[in-house]
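Below, each structure is written out as structure tokens.
You will see two complexes here that share chain A, one where it goes with chain B and one where it goes with chain C.
On to the complex of A and B.
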């Protein structure tokens, strides 16, 4: 469930580097997957980078991309694949990382180039979009056993689980679809046409709506979850090339990373219109986007500037840039007390 | 790949068309899209001159087949069906017969083909007379675009686009003095005229310092080579057919001329096999830069995944014409799916809309220009590897060239995509194709 921020109650070793503390009533912890660095950057937005968790000793060959954080905040799951999508290699896996130690604690075999993943609200299921084989796979987090494989469009990517844990939505990039899987009965429900080349999908916190970004179409589709039906299409412009999107904890705003314009688009969920476009001081080609638990800050992972942009949602302006690793792809935000 | 008969091919396509899954989208009307591809695969009637196109046609067939396989997977989600029938038509007369048979007997609503100006013109005419959609995948002639007919759309880049891209790259690289070798026919004259305009009107500082004209299938290049030496150009451009380019490059190399040379990138020249032939014929000068519609080493925008799937499917890199064959099937199905119809007129009307945007794995939404139905798209600059091996394994084939540039550079933010892509090609006759 992408919109939820989680609690991390353990202290990570912090290195204070004098970053401004203004606007950070609570502490966020950022996890950024670096596609070309084969590592995960762990960042305290107040103080800067804390450490890098190395996924593989073969940067440039092994690519961590989509991530999800367990409901208890103790584990970060990372979809890891390689640059050889035609063959399943040992690197094609979902990696579980212990947040406190930074150690890789488990690998789940996924196969077929897992690109993005989601974890069920009760933490018992991992779902992954297998880009190379046009399938979505469910995995039992405890046993590691596959729950099932389900046909999607060719090049599936975005994936999310509804807050009630009932449905998995998966985007198909070349089919322009969102496929719906019943996560309880483990059956395929239906497929919906959305915008051209959908890259990501996210449920609203109340589970009534889901939103799917379409990179080539430059749109966000609004899906009525009760009917599994697209009820509106919001245009961001053809040049926007939206990728990741995230819904704020109160459900009021949808933040969309516009890779084509180096912008974050802010959609008002009540009007379903673009309310703000944040471009000034943005890093280059934001692909990943996350939001703090209190909704006060939005973070983007910028793939061409290897950075994280920090956005204050009060002014809807960029307040900071933080160094990430090479080819910053996705970002997850957790919360530290 | 050995050629298969039409019956064998149909059997293979049917095998691919697995039954739609039980849980297709509710309320969706099932579509049955029938596509006919007219390819000069060979056999009796095939020409072994510069028009001999069976190699590139076989590559296009690979792209079409993979296009059917993948698109059918997507179609299965909604219970739709795609049938592609491939006709082997190695001569102009057989192209005409095949096109009519596919439309009238096999009831296709989409024709795919076009490997030269003549066979493409036949398909344009048949499409127009029958209300069939024609997708041109390999014919570059601008006069096909200038006709501006309602049923024809061009995935292959136009000659004007290729020439604009070549001029853009080479002028920016400091090549100011150009020597042009063109063919002594209408198409050669058109290419030469456009290159003159591109140098004089668009790119400050470039000029033509010499021009030579050759007959088709010519082997006599002595006077032109002498003119090249005398005019001391920065670059020599062969706007001829692929065979003349090959022969000219070999002679050029033998003469010891070291001025950079490039050639017009018609589909036959955008293959790993052609690159190998070129470098074997002219190891130093042949291994220069060339323009391309697609490049198997492109690894951004989902291209990496597409290239990898093609390589896994066929054991070869995805050459440009395979890409255009693949995308033709994908675009035809996307159009059918989004407009909810399969007849050729409805499909053409959908493609002509400015709001109809397609994903062709080039990282930007592309559309067809309203004034000539040319697909707006970026082109690529590749550099041939002068140490390339003649081995046929995938990695050796892939390494015969590598990507060095893209025009327009679509990853730079801040420009409207349509404006950006319209930097290439003829832009003067901005009217809609309504005939």
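On to the complex of A and C.
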């Protein structure tokens, strides 16, 4: 429960609720995948956890990780696998969850230990990074048919689709690469080297640039999408460990989860420099990061503290901690009218 | 007038300045072989202890011990490791293909002997980390690593993630990087790493056939597998396969044909990926 430790946090909770009431004019709905709990936490950041959607009755065997929300906001897709990344397993699938009911409505067979997923802007394609087999797979959301499988770097992880729906970018964690797939002609375009151990990639809303985090490199590579070429490398510092990243809706800011450094890095997209590093009151090992539609709040899924940190982008400070499930991995933010 | 103590301090300071890499620079650029010689000594001791506990299925472990023994026999007596180099040794012991993460992964997948090995390597790492730093944040990560292996024998249920030790190991190396203010990854700069590893292969190839050439060859192979094989297999696959074919972690030797093939393969990789000398 949010602010569960009342004795310690009473004053803080009161402060936070007051701040939240002002800041949450529109409602966010948070979905957090909990890789050790085998479930998805559904959270209203105003009031706290709403419910858990159980993906499997075998926590510790079945592992939900990457997620994507359909463009109409009605469906959450979750990459489900197990803890044996080198093996194909019957659990390797993408499940669709109805946002309204919380029910699992469909299961797409993926194979290959899917880690992260992305959905096309028109909602017709899901793409998944298949960690075990160094492939990306495209799936038609309507028919469930496979569109194709394409070679990626080693241990593919981060994946995103360009806003025009033309290109899929996939990071190769061990090969330090981003692979480019043409989503229209369904062909592999190229691979490019980025920083060491790239964990995630995200396109800017205008589709001109993409950003790839590198956990060991401590960098974010800026990729010119028109050339599929790295044009700049932003250093977050030798001691940074960037993992998941998200670009704000206006494209002005890139928020990067700091993983092992328990920080959120904020990059100014116009200067391509780090503008803020948020560490104070952060949960431990933020792995996933999401941003509200209006850009006013950033949320991190914290894997070691099983929580969500709420960041007010006005002060670039943590204003709340919300309980999530065991091993919070990724977070998606949907908008509630 | 300078007294003896002052002179000693200056001498020690000068020595440290010579040995300590500049802030942010990786010691692997200056002393890759020495780091692996020291790491191999520690890994050897750990694996011998593990061998004493193992009941069956020890052939792989014996092979690793033999390779450790060959590498640690190289003369590193003139080399005095500073704290940064010691941290680099820990990084190898944690994350290399011959280190703890790999052993833990095998243990998590059910191998009892690998558990003994991982646990024993952890004991060596624990002592070394505590000699490098007293930072409570770093030691907390070390404790998280220890918590993965709580019992002397393999528990019936381990952490479900076979890569859990690697994930914590990465955090631990990150913490050590902060503590010693140095880059502890050879592969962070792929261009320089390529140069270092190419030189390691060349050094092996320059030696006459014999025990020392095998030692040098195995060291080059470890670094190649740890650092270059994955990225280059995607970008320049044929050339990478050529080098990989001569990069066994155990029992590797390089004859004239192998050396020639490796040299051509590195040239191909460098001209393809780094034509201007940078990524």
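The rule is simple: the second predicted complex is superposed on the first by the 317 of 337 C-alpha atoms of A that agree within 3 Å, B and C clash if a C-alpha of one lies under 4 Å from a C-alpha of the other, contacts with A are read in each partner's own complex, and residues count from 1 in each chain.
The rule is short, and it goes like this: contacts are C-beta pairs under 8 Å (C-beta built on N, C-alpha and C of every residue); 3 or more make two chains touch, one makes a residue touch a chain.
The shown structure was predicted, so the numbers you read here are calculated from the model rather than taken from an experiment.
Undergrad: Quick check on the superposition: with chain A as the shared anchor, is it clash or fit for chain B versus chain C?
TA: Chain B and chain C clash in the superposed model.
Undergrad: Once the structures are superposed on A, label A:132 by its partner contacts, choosing first (chain B), second (chain C), both or neither.
TA: Only chain B is touched by A:132; chain C is not.
Undergrad: Now for A:60: first (chain B), second (chain C), both, or neither, which partner does it touch?
TA: Touch partner of A:60: chain C, not chain B.
Undergrad: First (chain B), second (chain C), both or neither: which does A:50 touch?
TA: neither
Undergrad: Is A:284 contacted by the first partner chain B, the second partner chain C, both or neither?
TA: First partner only.
Undergrad: For A:193, is the partner it touches chain B (first), chain C (second), both, or none of the two (neither)?
TA: In the superposition, A:193 contacts both chain B and chain C.
Undergrad: Spot which of chain B and chain C makes contact with more residues of chain A, would you?
TA: The partner that reaches more residues of chain A in the superposed model: B.
Undergrad: Please work out whether A:36 is in contact with chain B alone, chain C alone, both, or neither, and reply first, second, both or neither.
TA: The second partner, chain C, only.
Undergrad: For A:147, using the defined touch cut-off, is the partner it touches chain B, chain C, both, or neither? Pick first, second, both or neither.
TA: After superposition on chain A, A:147 lies in contact with neither partner.
Undergrad: Between 80-88, 188-196 or 206-214, which chain B stretch has C-alpha clashes with chain C?
TA: Superposition on chain A puts chain C right on top of 80-88.
Undergrad: State which residues of chain A lie in both footprints, the one left by chain B and the one left by chain C.
TA: Residues 83-85, 153-154, 172, 174-177, 179, 191, 193, 196, 215-218, 238-239, 241, 260-261, 285, which sit in both footprints.
Undergrad: Along chain C, where are the residues that touch chain A in the complex?
TA: These residues of chain C touch chain A: 24, 109, 160-163, 170-171, 174-175, 177-178, 181, 183, 185, 187-188, 190, 230-231, 233-235, 273, 279.
Undergrad: Considering only the defined contacts, which chain A positions touch chain B in the complex?
TA: Those residues of chain A that touch chain B are 83-87, 113, 131-132, 134, 151-155, 172-177, 179, 187-193, 196-197, 215-218, 238-239, 241, 260-263, 284-285, 304.
Undergrad: Spell out the part of chain B that touches chain A in their complex, as residue ranges.
TA: It comes out as residues 21, 23-26, 70, 73-74, 76-78, 299, 302, 304-305, 308-309, 311-312, 330, 334, 337-338, 357-359, 363-365, 411, 413-418.
Undergrad: Spell out the part of chain A that touches chain C in their complex, as residue ranges.
TA: Touching chain C: residues 36, 60-61, 63, 83-85, 153-154, 172, 174-177, 179, 191, 193, 196, 215-218, 230, 238-239, 241, 259-261, 285 of chain A.
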